[in-house]
């Protein structure tokens, strides 16, 4: 079964893919509206907290070599806890991916297909998921490893392509809404690092489980750099004193890039790259939710689930009636949801499991 | 008289005689089981001691009464003055008559010194004298041994006791000698059939490499490989495939390099092919790969011995099929299909430049028409205004939508291509002229297609010729149509997701246990393999995904002459 | 059977997708679009907008590469908004208008004075419009302006629109005002938008003389001294406050704007000769470094220091000039300093006191003096900008003349 194992570099890319996809849609916008011109400082600050948390998670996972959080919760609280935790995380993955998909497709709908109704824009993604789910996990990860560098380069290109349009004064006033908003309530911006949730699930897939520390830290650091590039591009390019929301802020940023007369309209190519990236994100969340489901139900094969989860995502992503509901969910509920699940629940379970293990060790 | 016949033909009923041949299918189903039993019997049949029985059996087996080229030569054999009746079985046209006459028939039939003795003399092997008693160890006269050692001035002679083995070799051009009283037969190599001589490669042309190509004969091919590997560790295993044809296939690998699991796996796959016939390497390729559904080639097929050899020395395995001038190399990864043997003969910078061009060619050949359709259908804002105007202007008179236009042109291009291959060579160039001029020029002036589209299709065509491997470029040709449809259907969304799916499938593909995208995607450190070549002194390792037995290809400092005073410790 | 089902489902999905995307296809594909090159917005009757669209007939852009100027088509409709104008035009043409290649957005002076912020919002909301599209405020009607902008050197009007603004980096007569930047400055609290000032030359010689400078630098669109065919020209800037036109800048003021804004690569000015009365010397200046703007607050009103540095080369040559003499050079640079300082100060006071518009985005520089947004908002930069005090210092370093140095 070496087929399902992935190398540590691939694991890093997998985690960062989760970080990155949200930046394509409204994540930078949400961050900026939370902390305004202090977002870069806030991001650095939150990023350091995220790195610390990732380290904590690594330390807590270390005692359970190649067990993921579902296994650990089984160890802690038996089958009931396992089912609850598995259910919560499946919900998290499904909801976040369907939300992201819907948001991105709304953007696609506006930019590319003004006359096509949204469900048909969603369908191609679901079809691709059918295919990718029925192929091996390692092939999915390998694909991500091919696509991820392209995405990374695209965002760096976006940053430097827009460099001439930047006005660096937009970083000021340096504290944005104020000290309290930046550093205390600003901690809420940690929801950007929702990709940390992957850390709970990758240990069973790793070829070299002892490199978990490297994976945890470097993926968060790469993700942080990525966020800085994205938000800097948007912050320095647009005025944010008046809230002018854009459906796909990075897409709008891309339309400002110009090199001479000929290379002007590059945003569609960026869109092409981002379609690939969103596809990768969906692949990852699908894979994880399928494997959690498999663990809960003790199924032998994953293949029968290959079509169910994409269809579930399609269904949930069609639920919101209009874009404003999605944005409301995204900016108000979703962020707390993420913080509660990933940073509170996950760490709490790991802590308790560690305590239990230590106790058992003492008893022995 | 004539009038009478006319009238009779008018009014007489003549039953219509229609020739009607129908091949009935035997639906009873016991045919195969009978055949199997017969086959089993045949396989175990041993040679009888009586010559006449053997003769009868051979005659019936080879259908010599109706088989025109089977020749059974009966004669009398002289051995030590005694005479035995014997016969030779061979196939006309497959043997060398000179060898047959001079070195088989002549020593057996004519009287010479060695078969002059008439009494049964036993040969003394050793003699020891103790107490004036001589003890002689005597070997009894054995006709088979005697013929083998004295009467057969031939290099390759074997004795077999089973008919199946004898027939197998006779079928490949040997002759069999049956002798009365012996329950064995001699299998004498007298092969000598017409074959093509070694020629220049026709489909894989290089500039600086060798100009030899494989031929149909497997022995010539193995000798070509053997000559360039020049090492006793090169193993050439013989495996016969096909119940009827029993085609010789050669499994070649360097014992000290190739991974033994890989060799065993290939041997296992080859030995477990239940087929009647195996006529070409193309068939064999499809029989042994993991996945035939996707058209991605998973085996390298080459007509160049130097390419095959260089892969052998990387630790891969080469398969040769008798009758096919192509060698198969396994395992193959994606980047192999974008490399030519010339790459290593040129300076690194040259070949890396060409390799960039090939990547570009791959993308153009796969995606360009699809992208054009997508841009024309959904994303015209992407085009610079001037370009948009020239496209619009060129499309003014065209009655078809872009998708139809591009399909017309792509299909006619494929037609020209196929016709150009099948057409007899003297009129080959005409096809090109007809295709290029008539289709291109006239279609534009008639306003059926736009000139921009001609450029797109021509670019695609040229790019697909720049992909070095034929089957890979064919694969791209087919998938190109898929991307055209996707681009038409949902623009960049279709192309993007289609490409994602294509990548996943590509990553899922395996060629003999090696991931097809090795060297590109699992970003672990794959030493010794990169698509772009390193300078020659840095190519120290063999590709790690092949897991060869010996990893180092050359010393860390290969050009020792440059550092004459370097000590061993410094290298470490 | 299973295989057949698979094939069947693929075909069904493909058909469904094709059908569902076909509506977007019919709207977007090449054969069904009409490419708009320029849009002009005028005031129409009954408080309506008169929107003019300019197209190029693609068939005239033949592949043979003829050098004839491609004819353009100008169509106008009167409607209540831009979107409904587009809609009307769609039905009129039988094709779908696409604004993705629109290079020029012309507003008439009349409508700009009433405010164009709603139109700008609408245009930015459109997914097709490019932020790089240029905004022109025309002194005449927009329709007349577009009708009379004819390229001389290019055969394609779109290419002309793309290039006509590019010379400003070396002349400084007008700035590159794009829709994206206009929108950005409009919604920004610390800056104000500006647009290109365009007009049609009516060949009336201008007689306004400036004591400091030669004639050209006071040129504005509509009053320049170009002769020839009737031609559109773009000299000067239209100054906005939020979304409303409040004033105009002439060429030399635009130059000052561009120097302070660091948009210029080099420019030619005529400065009074220090030796001969009533004689000017042409000097070509290139910025030696980016201009520095420093804001501080004195008694609640901004005190703005502007510091510019230039390198200069002398273009004009007479038979008695000696540019090897260090004294002469320093005198010329002194003259340049005085001249530029005067021009810059005039310009800054004009925009701040008269127009109350911060098109140089000096407010952005002041941002770092505040630590939170609420402080900034409470201060209200836009209100205080008119009270600002400017301190301009210019440092010109005259290097040499061009080829001849002494005569």
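Every chain is named by a letter (A, B and C) in the order it is written, and numbering of its residues begins at 1.
The rule we apply is simple: contacts are C-beta pairs under 8 Å (C-beta built on N, C-alpha and C of every residue); 3 or more make two chains touch, one makes a residue touch a chain.
Just so it is clear, the structure is predicted and the values come from calculations on it, not from any experiment.
Engineer: Which chain is most central here if centres come from C-alpha coordinates alone?
Structural biologist: A
Engineer: Please name the chain that ends up farthest from chain B once chain centres are defined by their CA atoms averaged.
Structural biologist: Looking at centroid distances, C is the chain farthest away.
Engineer: Between chain B and chain C, tell me the centre distance in angstrom, where each centre is the average of that chain's C-alpha atoms.
Structural biologist: Here chain B and chain C have centroids separated by 69 Å.
Engineer: Between chain A and chain B, what is the separation of their C-alpha centroids in Å?
Structural biologist: 49
Engineer: From the C-alpha centre of chain A to that of chain C, how far is it in Å?
Structural biologist: Centre-to-centre distance between chain A and chain C: 41 Å.
Engineer: Two-or-more-chain contact residues of chain B, please, as numbers and ranges.
Structural biologist: 378-379, 381, 490-491, 494
Engineer: Can you tell me which residues of chain C touch two or more of the remaining chains?
Structural biologist: In chain C, 17, 21, 24, 28, 100, 159, 162 touch at least two other chains.
Engineer: Considering chain A alone, which of its residues make contact with at least two other chains?
Structural biologist: 112-113, 124, 127, 261, 264-265
Engineer: Could you pull out which chain A residues touch chain B in their complex?
Structural biologist: Contacts found on chain A: 7, 9-10, 13, 108, 112-113, 121, 124-125, 127-128, 131-132, 135-136, 138-140, 142-143, 145-147, 261-262, 264-265, 268-269, 271-273, 275-276, 279-280, 283.
Engineer: Within their complex, state which residues of chain B touch chain C.
Structural biologist: Contact set of chain B toward chain C: 376-381, 385-386, 388-396, 401-402, 451, 485, 488-491, 494.
Engineer: So in the complex, the part of chain C that touches chain B is made up of which residues?
Structural biologist: It comes out as residues 14, 17-18, 21, 24-25, 28-31, 33, 35, 37, 56, 58-63, 98, 100-101, 103, 128, 156, 158-159, 162.
Engineer: Chain A touches which residues of chain C in the complex?
Structural biologist: 13, 16-17, 20-21, 23-24, 26-28, 100, 127, 130-132, 159, 162-163, 180, 184-185, 187-190, 361, 364-365, 367-368, 370-377
Engineer: Using the touch definition up top, name the residues of chain B that touch chain A in the complex.
Structural biologist: Residues 378-379, 381-384, 490-497, 499-501, 503-505, 507-508, 515, 517, 520-524 of chain B touch chain A in their complex.
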